[in-house]
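Shared between the two complexes below is chain A, which has chain B as its partner in the first and chain C in the second.
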Partner chain A sequence: MKVIQDLLAQMPYAEVVRQDKTYLVTVPKEQLYAAASLLKNNEKLSFDYLNDIVGIDNGDSLGAVYILSASQFPSYIIRLKTLTDDREQPTMDSVIDLWLSADLYEREVHDFFGINFLHNPDMRRLFLRQDWKGYPLRKDYDANPELNPIPTENENLEAMEDLPTVDIDLNGKRREQHQKLFEKEEYVVNFGPQHPSTHGALHLRVSLDGEIIKKIDPNFGYIHRGIEKMCETYTYPQIPHLIDRMDYLSGTIHRHGYCLAVEKALQLEVSDRAHYIRTIIDELTRIASHLLGWGCMANDMGAITAFIYGMRDREKIMDIFEQTCGGRLMPNYSCIGGVMHDIHPEFQKKVKAFVPYMRKMLKEDHILFTGNPIARDRMDGVGYLSKEQAISLGATGPTGRASGWSNDVRKIEPYAAYRHADFKEMLRSDGLTFDRYVIRLDEIEESLKIIEQLIDNIPGGACCAKTKAIIKLPEGEFFQRVEGSHGEFDVFISSKGEKYPWRVKFRSPCMTLVNTLKHIAVGGKIADLIMLGGSLDYVVPCIDR
Partner chain B sequence: MEVKDIKIKNMKYEDFKDNETLESYVQELRANGVNVAVAKIDDLINWGRSNSVWPLVFGTSCCAIEFMCTAAARYDFARFGWEVTRNSPRQADVLFCCGTVVHKMAPVLKRLYDQMPEPKYVMAIGSCTISGGPFKKSYHTVMGIDNIVPVDVYVPGCPPRPDAMIYGMMQLSRKIKMQEFFKLPKQPATPQGETAEGGEA
Partner chain C sequence: MFHLEIITKWLDEFLRTYLLDGWALFIEFVLIGVAILAAYAVLALILIWLERKVCAFFQCRLGPNRVGPFGLLQSVADMIKILLKELIKINKVDPFLFRTAMFLVIIASICTFGALPFDKGIQAVDFNIGVFYLLAVSSLGVVGILIAGWSSNNKYTLIGAMRSGAQLISYELSCGLALMTIVMLSGSLQLSEIVAQQSYAWNIFRGGIPAIIALIIYLIAGHAETNRGPFDLPEAESELTAGYHTEYSGIQFGFFYLAEYLNMFIIAAIASTLFLGGWMPFHIPGWAGFNAVMDLIPPVIWFFGKTFACIFLALWVRWTMPRLRIDQLLNLEWKILMPLSLINIILMALWIIYV
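On to the complex of A and B.
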């Protein structure tokens, strides 16, 4: 694309490699901020959406890859890469003033690789305790359990509230400053980590002025299982089982994304049959996830009946999964090359019976809850998220679409069988809690349409391509995105030609949603906080990985 | 006069996998001579306790969703008197640990357990809570919650089906029914004579 070529021509220091619609741009460390701000702040094509920051350790050097795309032309991706040789005190420029989402991403890279981002005012660890020794995703990390034994005491609040900032003064000397997160007289309420409405183990520290929220500080890591590090010791066919357990509600979709990435790297031809089956299973997963999200949000508002109704309809999908895949919540279905085994003879019949049933129930849900004056009173006019904010925060999925940001990966880069289906991308413009609520029910309807179109046309053939016994990916970096039920899920695999990956990174759609909560809940009432969390529908194990 | 039996109303005796262990325990109790009057009152109290167990759900990940299915319309554990899920440990009888426990969460689990009043029970739901499960190689996972708190019933599976959870619950019911209520500790066990009150909730 000419505009991108022109932009990259303004960076004489950059090495550019083009692969189809992806540009790999390597810049020296000193020019990182200049390159990033040029890409973000130009008039022709602003790369206003930061998908992710991937930390990497090449053995001798540490680095970060910034994955950028433009909301106008979302199918083009720029991977901005920078490396540093300093392993003792590595530093890089911070980009938090360009993208709101960079805040948590930089803290994550700091936590795992020990890179300090200059001028970022909050360089705490994101997942691990502040007193954790070592940086786990570095290749020379010492995993001896004696270094980091199971703690017996809760984390010290003083350590959690101390914000270190690293910068380099004019003489090139490194300085570290410390700030306090909350003032002494501020009234701070703990929310979680064990709370029935946190959708997992999330810890929020909320500063209050009366009942108005002044500031929110999310604490992650209460369910950090180290999946990305474990992936580096597992072979490619072993990894999908961990992905299912990350975001368990849309695990099947995320697993599909991983399989697509590996298949792309191997240039493996997958049969149409497998594509169709995967797509139908994905859409069923999306319906199940939205039903649970809807039920939980209603439950958070006090309507327990809605939760029971959502779970009741979800059981029908669980039955279909159980018959075909063998599992309920963890179907373990997609695998490299296709799907594990063929569909059950009754699969089509059952799915076809489910579609009209779900339509009928959706109508009932709308009558019972959407039009309910009490529910409307709570949802209307609360939790406004503008389109610009959504893009800058990287709030993908139904949340972004409720604010009018067209970000559906199924439309941007149609994968699997989505190109054979005729469906609409659901968009709303107001960005309020009610929009985020109603867009989920609308998406269920669209998913039903996709299923209806595909279910009778599943082509014949093998359901899984033959692969070698030991799968080795060629050397290089591979990237795939899919539309999960909570937002865009990206898989980044860096391979050195071994049977184990060198580095695997998953973009968590839910992390940006918690970041969104930090922005939209401020100024609102504390009583709305739980409902806002429900309307964003995040899953915490997906954030913590 | 027969005191103590392990039969419960909610599930058939033959359907349990292991009856011998508890049977031998009953034999031992009877052989040692149980005071009939006390044992009868004991049985009455335990009958009530085993049919109205209030759980505290410590749900961290996937298993919590299956727990929600157990609570929802189809499986409906309200049938067995288990539905009063408490959000405060101080009102709960049994701690359902659904999902992986990691280093950062370990002190939280311990504190919640300490805050529960006696008699208290713990159910470990899912492979992660039993042994670390699929995250055995992880640097941040606790390899089994029995490193932190004592466990009464283990329910294997990744995640276990709701039926499996109900089976585990029935086993716990039997265990409660078997106990000698008057000999149970009335206060939480305290390490080194400290007070059991574990700070604020």
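On to the complex of A and C.
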């Protein structure tokens, strides 16, 4: 696109490679901030959405890949890459003032690669304990258990509240400053890691003034399994089994995304039948996930009956999965080249019976909860998220769409069988809690429409393409986006041509949602915090990976 | 009408024929105490079973159905379990207050329970200031809750206790004012007297519109007094884990649990006594035949029937509505219910004078 080429021409220091709609831009470390701010703050086309920051260890150098896209033309992607040779004390400029989402991404890269981002006011580790030794995703990491023994004591609270800032002064000297997260007399309450409504083991430290929230500090990592590290020792067909275990509610969709990435890299032709089946399964997963999200939000507001209603209808989908895939929560269905095995003979009949049933139940759900005066009052005027904020925070999925940000990957780059289905991208403009609530129910309706259109037209043929016994990806970097039920899920695979990936990175849609919570819940009440958490609908294993 | 009075009268005469008056009284006191405690415990078990069944009904589930027929023995099994559980000793609590708190809550609840007129002659104490007594004693419970939250030395319990303090003290006002409307109508504070006056028309029929408004206000405010959803802010499971009783275990928690269920019963029982005729059967003036048929149903059944109807209402609300936020809760009381009950008192005065 000409606008992007003009923009990139303003960066004489950059090396640009174009692959279709993706631009790979490599800039020297010193020019990183200049390049990033040019891409963000220009009048023609602002790259206002930072998908992810991927840390990478090339053996001799450490690097970070900034995946950027513009909300105006979301199908174009710039991968801004920068490398540093310093492995002792690597530093890079922080882009925290350009994108709100950079905050947690930079902490994640710091945690796993030890890169310090200059001027980022919060350079704590994100997932691991503050006293962890070494940076696990570096290739020379020493996994000796004696270095990091299983801790027998609680994590030091002082260390958790200590915010280091690294910066380099004019003489090139490195300085480290420390700040305190909370004042001494602040009333800090722990929500989690064991708490009924954190949707997993999430730890929110909340500073309160009576009932009013002053500050939130999320702590992750309680169920961190190091999936990205594990992937580096797994072969390509083994990896999908880990992906289901990240976001267990939209595992099928994320797994689908990974398979698409590998198929793209292999240039493998997947049959239409597999595409159709995958799409239908994805949409069923989305319905199940939204139903649970709806129920959990109602439960967070104290309406337990609504939760049971959601679970009851979700059960029908689980039954369909059980019959066709063998699994319920973890269907383990997509595989490289197609799907594991063909659909059950009764699959179509059952899905067709489910669609009208779900429509009827949706009406009931609206009667039970949407129209409830207390529920309406609770959601009214709380948790405003503007469109600009949503984009800057990278709050994708229903949350972003409730704020009017059109970010549905199914529409942006229709993958699988979505181009054969006629459906609307649900958008709302207000960005309030009620919008985030009701958009999920509307999306269930749209998903039902997609299913209805595809279920009768599943083409014949093989359900899985033949692949080689040992899959080796060609050398290069591969990137695939899919629309998960909580937001955009990205797979980034860097391959050196072996049967194991060099580096795999999954974008967690839920991490940005917790970051969003940090911004929108301040000033609300305790009850609002819990409700907003429900309305954003994050899943903690997806964050922790 | 078959009153249980016969039994109590007979017992009284029987004891007096064989014993000195003082001794007879002493034995009667003990018997009453035992009877109240037993009824308290049994009712709690029934209520817990009922709640679980009704809740299951609203949620399209079956509810307990394994222990005994229809799961009737489930709550007995639960009671045995809770009695056997360890009382966890918690560091850094205020031990004296921590162990006192639940007794305050349960004493307040039992004291109120004792004054209820179940039937003619089945009422432990019949004060001439009965309504006043009920209001005074039932409001003692909040002290126990505040102490429980404070002494646990936990941030959740403290927030829960503070919420509870704000909530119970506010809603007591509407509760009291709603009962005052009925006191105006009957001109008496004595519960037996109030029930006796309703032999031909229950107070909601006698009091007309103001009485109906008062009943609705009382049911809302009373429901809030019991700390149950949608007014379960002090416990607020999804926010404060278990609110003021987070740190309690075993039977210590059991006491709070008992008190919660019995408070629900007490609120329903007061509503049925003051508004729905207590143990009085449903009579229509002039319809002698109909009234005679109604009289065949024992008054105790009338009393429990009305009470359980109110309880069902409370359960229905609890399992349908989401929880209020603290500011909405206080708005509802101070900006809607309280002014409304004050106006209602004037309405009732006009009703009494002109109708």
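By our rule, the second predicted complex is superposed on the first by the 545 of 545 C-alpha atoms of A that agree within 3 Å, B and C clash if a C-alpha of one lies under 4 Å from a C-alpha of the other, contacts with A are read in each partner's own complex, and residues count from 1 in each chain.
Keep this in mind: a residue touches a chain if its C-beta (ideal position, glycine included) is under 8 Å from a C-beta of that chain, and two chains touch if they have at least 3 such contacts.
Nothing here was measured: the structure is a model prediction, and the numbers come from that model.
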item	value
First (chain B), second (chain C), both or neither touched by A:312	both
Which partner reaches more residues of chain A (counting touched residues only), chain B or chain C	B
Partner chain in contact with A:150 - chain B first, chain C second, else both or neither	first
Partner chain in contact with A:301 - chain B first, chain C second, else both or neither	second
Which superposed partner A:372 touches (first chain B, second chain C, both, neither)	second
First (chain B), second (chain C), both or neither touched by A:384	neither
First, second, both or neither for A:525, with chain B first and chain C second	second
Touched partner set for A:211, first chain B, second chain C, both or neither	second
Touching both chain B and chain C, residues of chain A	195-196, 308-309, 312
Chain C - residues contacting chain A, complex	58-61, 155-156, 159, 229-230, 232-233, 236-241, 319-328
Complex interface listing, chain B residues touching chain A	57-62, 64-66, 68-69, 72-74, 85, 87, 99-100, 102-108, 110-112, 134-135, 137-142, 147-148, 158-159, 161
Residue numbers on chain A that touch chain B, as the complex places them	127-129, 136, 141, 143, 145, 148, 150-155, 193-196, 200-201, 221-227, 229-230, 233, 241-242, 245, 248-249, 292, 307-309, 311-312, 314-315, 318, 328-330, 540-541
Complex contacts: residues of chain A adjacent to chain C	187, 189-190, 195-197, 208, 211, 298-306, 308-309, 312, 368-369, 372, 374-375, 377-378, 525-530
